[in-house]
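Scroll down for the structure; my scribbles are underneath it.
By letter and in written order, the chains are A, B, C and D; residue numbering begins at 1 in each of them.
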Amino acid sequence: MRTYVLRRLLGAIPLLFGASLLIFLVFALTPGDFIDGNINLTPQRAAELKALYGLDRPLWARYLGWLSQLLHGDLGFSLQHQIPVSTLLGQYLWSSFLLALVSLLLYWTLSLAVGVLAAVRPYSWFDRVVTLLVFAAMSFPVFFLCLLLIKWFAVDLGWLPVGGMISIGSNATGWDYALDVARHMVLPVLTLVMLQAGGLTRYVRASMLDALAMDCVRTARAKGLPERVVILRHALRNALLPLIALLGFELPGLFAGAIVTEKIFNWPGVGHIHIDTLAARDYPVLMSFTLLLAVLTIVGNLLADVLSALADPRIRLR
Amino acid sequence: MPTHSPFLRRLLAAAVAAGVLAASAQADVIAATNPSAIPAQAKARKDTIVGAISAPQGIFNPYLFSNGWDENVTEVIFGRLVGLDAQGKLRAEQAESWQVSKDGLQYTLKLRKGLKFSDGSPFTADDVAFTLTFLHDPAYDGGTDISLAKIKGGDAYKAGKASSVEGIKVLNPQTIQITVTEPGATTLQLIGGPVLSRAWYGRGYQPGKLDDLRQYSSKPLGAGPYIYDKFVPGQEVRFHANPYYFAGKPAVPNFIYRITSDATKLQLFQTGETDLEGFSINADNIEQLKALGFANLNIYNSSDYSLIEFNHNKPALKDVRVRQALTYALDRKKLVDVVYQGYGSVATLPLSPVSWAYDTKGVNPYNFDPAKAAALLDQAGWKLGSDGIREKGGQKLVVTLLATKSLFNDALIPIAKENFKRVGVELRPEVSDFNALLAKRKAGNFDLATFRTSGLNDPHDGVARFRSTENEVGYKNAQVDKLINAGNGTLDIGKRKAIYHQLYQVLANDAPLILLANRKLLYVNSSRIGNYQPDVFNGIFGSLPKLKIQY
Amino acid sequence: MSVLSLRLPWRRRQAELASLASAGRTPWQQALARLWRNRPAMLALLFLALMVVACVAGPWLLPWDLETTDALAANHAPGATHWLGTDFLGRDILTRLLHAGRISLAVGLVSVVLSVVLGYVLGALAGYAGGWLDGAIMRLADLLMTIPSLPLLIILGALLSELQVAPEQRIYLVMLMLSLLGWTNLARIIRGQVQSLRSRDFMLATEVLGLPLWRRLLVHLLPNTIPTLIVVATTGVAGAILNESYLSYLGLGVVPPTPSWGNMMDTANSFVDFQRRPWLWMPPGLAIFATVIAINVLGDGLRDALDPRLQARGAR
Amino acid sequence: MSQPLIEFDRLSVQFATEQGVARAVQDVSFAIQAGESVAVVGESGCGKSVTALSLMGLLPPAPACRLGGEVRLDAANLLALPPAAWRPLRGRDIAMVFQEPMSALNPVLSVGEQLMEPLLTHRQLSPAAAWQQAIALLQQVGIARPEAIAASYPHQLSGGMLQRVMLAIAISCQPRLLIADEPTTALDVTIQAQILDLLRRLQQASGMALLLITHDLGIVAEMADRVVVMYAGRVVETGSVRDIFRHPQHPYTQGLLASRPVPGRRLARLAAIPGQVPSPLALPDHCAFAERCPHARPACLHRQPVLQATSPTQQAACLLLSTEEAA
């Protein structure tokens, strides 16, 4: 096991180099750069600025420059924000992470509970209602859901704030700060949970139906085990195995930011940084952020493989 | 024909109202009907006004920011030497007065007495010299192009051939003299901008190295009405009143710019989280805001205009008759009605209707006229083909249109496609993001491109794009060049007005682009805020120092 | 007893009973016969077929033109003249809805079929073959998962416009490319399942019998992974139809004025439209909803038909 | 005769399927005495496994599956029990061994864990005691290194080994009846003999009754005291092993015996009887075997035969028998 993890980690190094090259090329080939986007510049001034930012250098020189920077632990300097990329991401990454983590915990719990219940009584009214709700949530865009929640809970009922992460002008610290943030988190978390739980519930249900059909579940019942044990210990443990891969995908998602939800709820997350910097072609930020997600993707998949092997004795690590 | 819907009646009424207002420079105000409806949350904020802003990034240096929202923040912190009034005329602010030599090559600015930065340190002509010299730094990468001011010795300093800029001269602590090599109508605005304190920004600054100066972007020091407190990224920017402000300490102790987005700005305003907000203008929004009861609606003309640019390097579009025909063929009235629902107008001049230079007399308005368009195309040799598309020399008249995805273009594209088809021209829309659009445009790989200008402070800003030295799409007209230079070469408004009027007539005949629309802007304030008078050239900043809390 | 109580879903024997009823035909004929007898699945299929017919033929039968704008008829509520109302340019919603269905249904189905096929084949291969092939496929997946899709789409948009590909065809090329990139998640899930299935006795039996690889993958492993594939397909169809409208921001989706269900909903994204003009977004939303439900029911039916052992109809 | 341990009394089972109602078991009646071995024989799909599962309460719930008649344990009708009352009987009073040991065990739990479960549930042993007991049980079923096997997972063991584990689980709570559903069908011939041998030893040691479900008459001859022959959901003949093998009365039983596998060749199944079992979806109102019966008469296509005694220990359901008697 240890050698397997070690080998996979070593294998990740060329993979990362490959990813960095791909990411660099993708951005280098994207039409437009940071200077092109400013319509107020005269052609002369634009040329001056391009030279200042090194945007006129050949591709390979720019790639090697970026790479050597990265190897020195420097993520680069944002053209648009004029601060180091690491500082910039630090400002927004953690609020995205907070939102994503809380939602993740909630929707995995919810999906598991609802998916198992639906699978235990397939085609019952509960299953049918859940199915309809899930598909309805899938069929309408995110912003509809956000607007609806804001209308109900913030405008009509006035229970929760419309958006943002803290109250206006708040200087709260400690517990008060945590409570303030928690109040502001309710609606965006609710949105993300409703969005994400849909697909996951279907996965859990399908996987659980499969597991309940296994002969070993019948054996467990024949042993006279309580139904709860049959479902949770015998069926669910088998049903969880294919879901581990899904859990691996969540790792980069924790840091990627929820673009639409963050925007509508004015959540100071990294999602809008991603979109803004893309619109402005702030490549140092984009490349480093994408590379960070790439690293997380690779780590997430590795974790999923290791977890699978730990949970499923049949998968031997090669 | 169905009977008129209530919506249509509203639309027509609004259009009439807008027509009356069209020439007015001041905002049209729809006053609050029920100030008692002010939300409790807003009422509880006794000493703070909350304005709205979209996406500040935290570069609070008036010469280093890269987005307009940061600029809005710096306006509050820094103020300007020379500002603009509601008509776009120059207005004395931190500079008490200025003189321009007869030949337009020498500018002498006199600062107000006893000016101080917000930390109480003196604000002198030396700080102005520092600021202007800094803008000539070869490493300077900000958005201000000081070379347009043509300050004498600027290029030499930039190239490292001089240790100071020859044309910048401090006469005494209160007076500075700038010598330029070419006269320019916009020069005063360039050199009369926000001033950086040498004591604060110049401490560790060395020419050629901006790193030290950059760190003060998050610790700005200026002489504007409010002092910067704190930036909470993605949330808000906080300020408190500046006791050293030249016009006196503002009455409201605190000001906050809250970050809002289009999707929920109405809900934020409705629940009292914001006091001042800007909305896209349409009948729906106005109706909703009026229904709130506590909102004052300020409606005024924007200074920008939207346009469709021709690629003059394409043979078909080199022919002025084709350009004219396409302009006649497009029903711009319908476009404006659909998008702005009575709160916009078809653009006839590359200028805002509020500008002092606005005069449409004798300028061809290109009213919608498909028959005339068809006749012009016939004259130009483009004959209708069997498939309804015109052709000439085996070439079909098919034009591509570069556009971004926006509500405006969602209306423009269907209307233009339908209109052009009617006169035998096929339109192929190409949608992309704005940066990619500009890249494609630069590569010359297009026929038509549509976008909107940024806010235009001076008539020159609206026509500079037609000058052959600055035009990126192959438009060349010697007479136009001459008139643009003449208009920029004098500061006499009367003379300039005449020059621009002539220029607009020439441009209209040449049809270098299709002018689409002048829109109106909708700024709203809670009726608890008094003295709020937004205008097109200053936005909320113009009245910020005078605001007061009434309820 | 708790809510969790239930008795064994009774599958195996029932399947034997059912298979006895249709003995003497090839497995595929039997599967088709089972599908044919599955009433909900057939209703779903009929619904989809009707939808396709309506989308293809409908716009010709309605008196309204797709592209003609009419500022005076803007934003009318549904009524006798316009059955589903009009949009902000006065265009008939029903006409646009049906016309949009052509593109949205094609986009949804094409992209889902492509990514499901790719994801299944590559995932099953990796999970089943193991060894270096597994390593190669999964590392390729890792690499593809790291490519940022937004800028890639912008590049593709520029490339397609450079190559003068007609806008109406671009969307299919984009779907192709998204599928080429988007199989990775499904492949990882399928791989995990196949790794577990591989050691079950029926798979060992196929190995002992020396069945060709494709037969093992298609006939023996496929039915066992169908539930996952259905989930991916249903979520995928809805996602593809909705995301198509975001693609048009990058010049890759349908170019206006051509309608799609996604961009019809997208134009109604203001709070005012949401609250006061439901006819703008309800029809396309419900169309997507109905399509997804139909595909789900059809998928369930297909699963039951292909592998009656997994029938899960308990209390149907 | 004393009170039987188990009594099937006019049991019928119907499944609701998409294609209609499948009558899987009809009017089945027979009894099992304490310590007795009863074999249920028939082709696949004849209802023998459904009969066994009805005893375990493992058939699907009501709308999908309808039960008629009674199944009694110690004279108490099991079918009338609520699920909660039925559960404690499973594994403790009645245990079951399934056909495919590979899939019958949970792949993600170790053998030991699965063996401990019934001990913890029914006998309320402490985990440590349950572990000790599990090791002892593995020894009892002839597993050499019980500690190692208990720690291993099902996929690491052979089929024969797993079936031993299954048997260990089944006898863990000393049930009064063990149901073995084709316990050796999935195993190699050599292993089959070992498992059957083990099964017999265990039965003798504990005195439990055995309900053996099989299509293999060789196994029946070796293991059973009494035989129940089922065809198309009905009991067509029942009697002692001697009766059935010496003088089978029903034409179907005769056919079964004629098609007995030649030693060394498995799966020869029922080549000697032409035709196929009718679909449970479309069972005739007359004798279900009539179409395949070499001796069928016109009357066989009109009437449903009932079981009748042909000797004190043997019963058969065939119209041929009754007409002969009448004549």
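Keep in mind that, in the parts below, contacts are C-beta pairs under 8 Å (C-beta built on N, C-alpha and C of every residue); 3 or more make two chains touch, one makes a residue touch a chain.
The shown structure was predicted, so the numbers you read here are calculated from the model rather than taken from an experiment.
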Central chain (distance from its CA mean to the mean of all protein CA atoms):
A
Between which chains do we find the greatest number of C-beta pairs in contact?
A-C
How many Å are there between the centre of chain A and the centre of chain D, using C-alpha atoms for each centre?
53
Express in whole angstrom the distance between the two chain centres, defined as the mean CA positions of chain B and chain D.
88
Separation of chain A from chain C, taking each centre as the mean of its C-alpha atoms, in whole Å
23
So what's the Cα centroid distance for chain C and chain D, whole Å?
45
Please output the residue numbers of chain A that touch at least 2 other chains, ranges allowed.
30-31, 143, 147, 151, 215, 218, 221, 227, 241, 278, 312, 314
Interface hub residues of chain C, defined as touching at least two other chains
1, 5-9, 154, 158, 196, 199, 269, 271, 313-316
Would you mind listing the residues of chain B that make contact with two or more other chains?
263-264, 267, 432-433, 436, 439-440
For a test of understanding, state which residues of chain A touch chain B in their complex under the given definition.
30-33, 36-45, 49, 52-53, 79-83, 91-92, 95, 143, 146-147, 150-151, 154-155, 158, 161-166, 168-169, 263-269, 272, 276, 278-281
Would you tell me which residues of chain B are touching chain A in their complex?
45, 48, 50, 55, 57-59, 64, 66-67, 139, 141, 143, 145, 147-148, 214, 217-218, 232-236, 238, 254, 256, 258-261, 263-264, 267-268, 270-271, 273, 432-436, 438-440, 442, 451, 453-454, 470, 472
Counting only contacts in the complex, chain C reaches chain A at residues 1-9, 11-12, 130-131, 134, 138-139, 141-143, 145-148, 150-152, 154-155, 158, 185, 188-189, 191-193, 195-196, 198-199, 224, 227-228, 230-231, 234-235, 238-239, 242, 265-266, 269, 271, 274-275, 281, 285-286, 288-289, 292-293, 296, 309-310, 312-316
Residue ranges of chain D touching chain A (in the complex, touch as defined)
56, 58, 83, 87-92, 95-96, 98, 100, 103-110, 117-118, 121-122, 153, 155-156, 166, 169
Report the residues of chain C in contact with chain B in the complex, numbered from low to high.
67-69, 71-76, 81, 88-89, 91, 154, 157-158, 161-162, 167, 248-251, 253, 255-257, 267, 269-273, 276
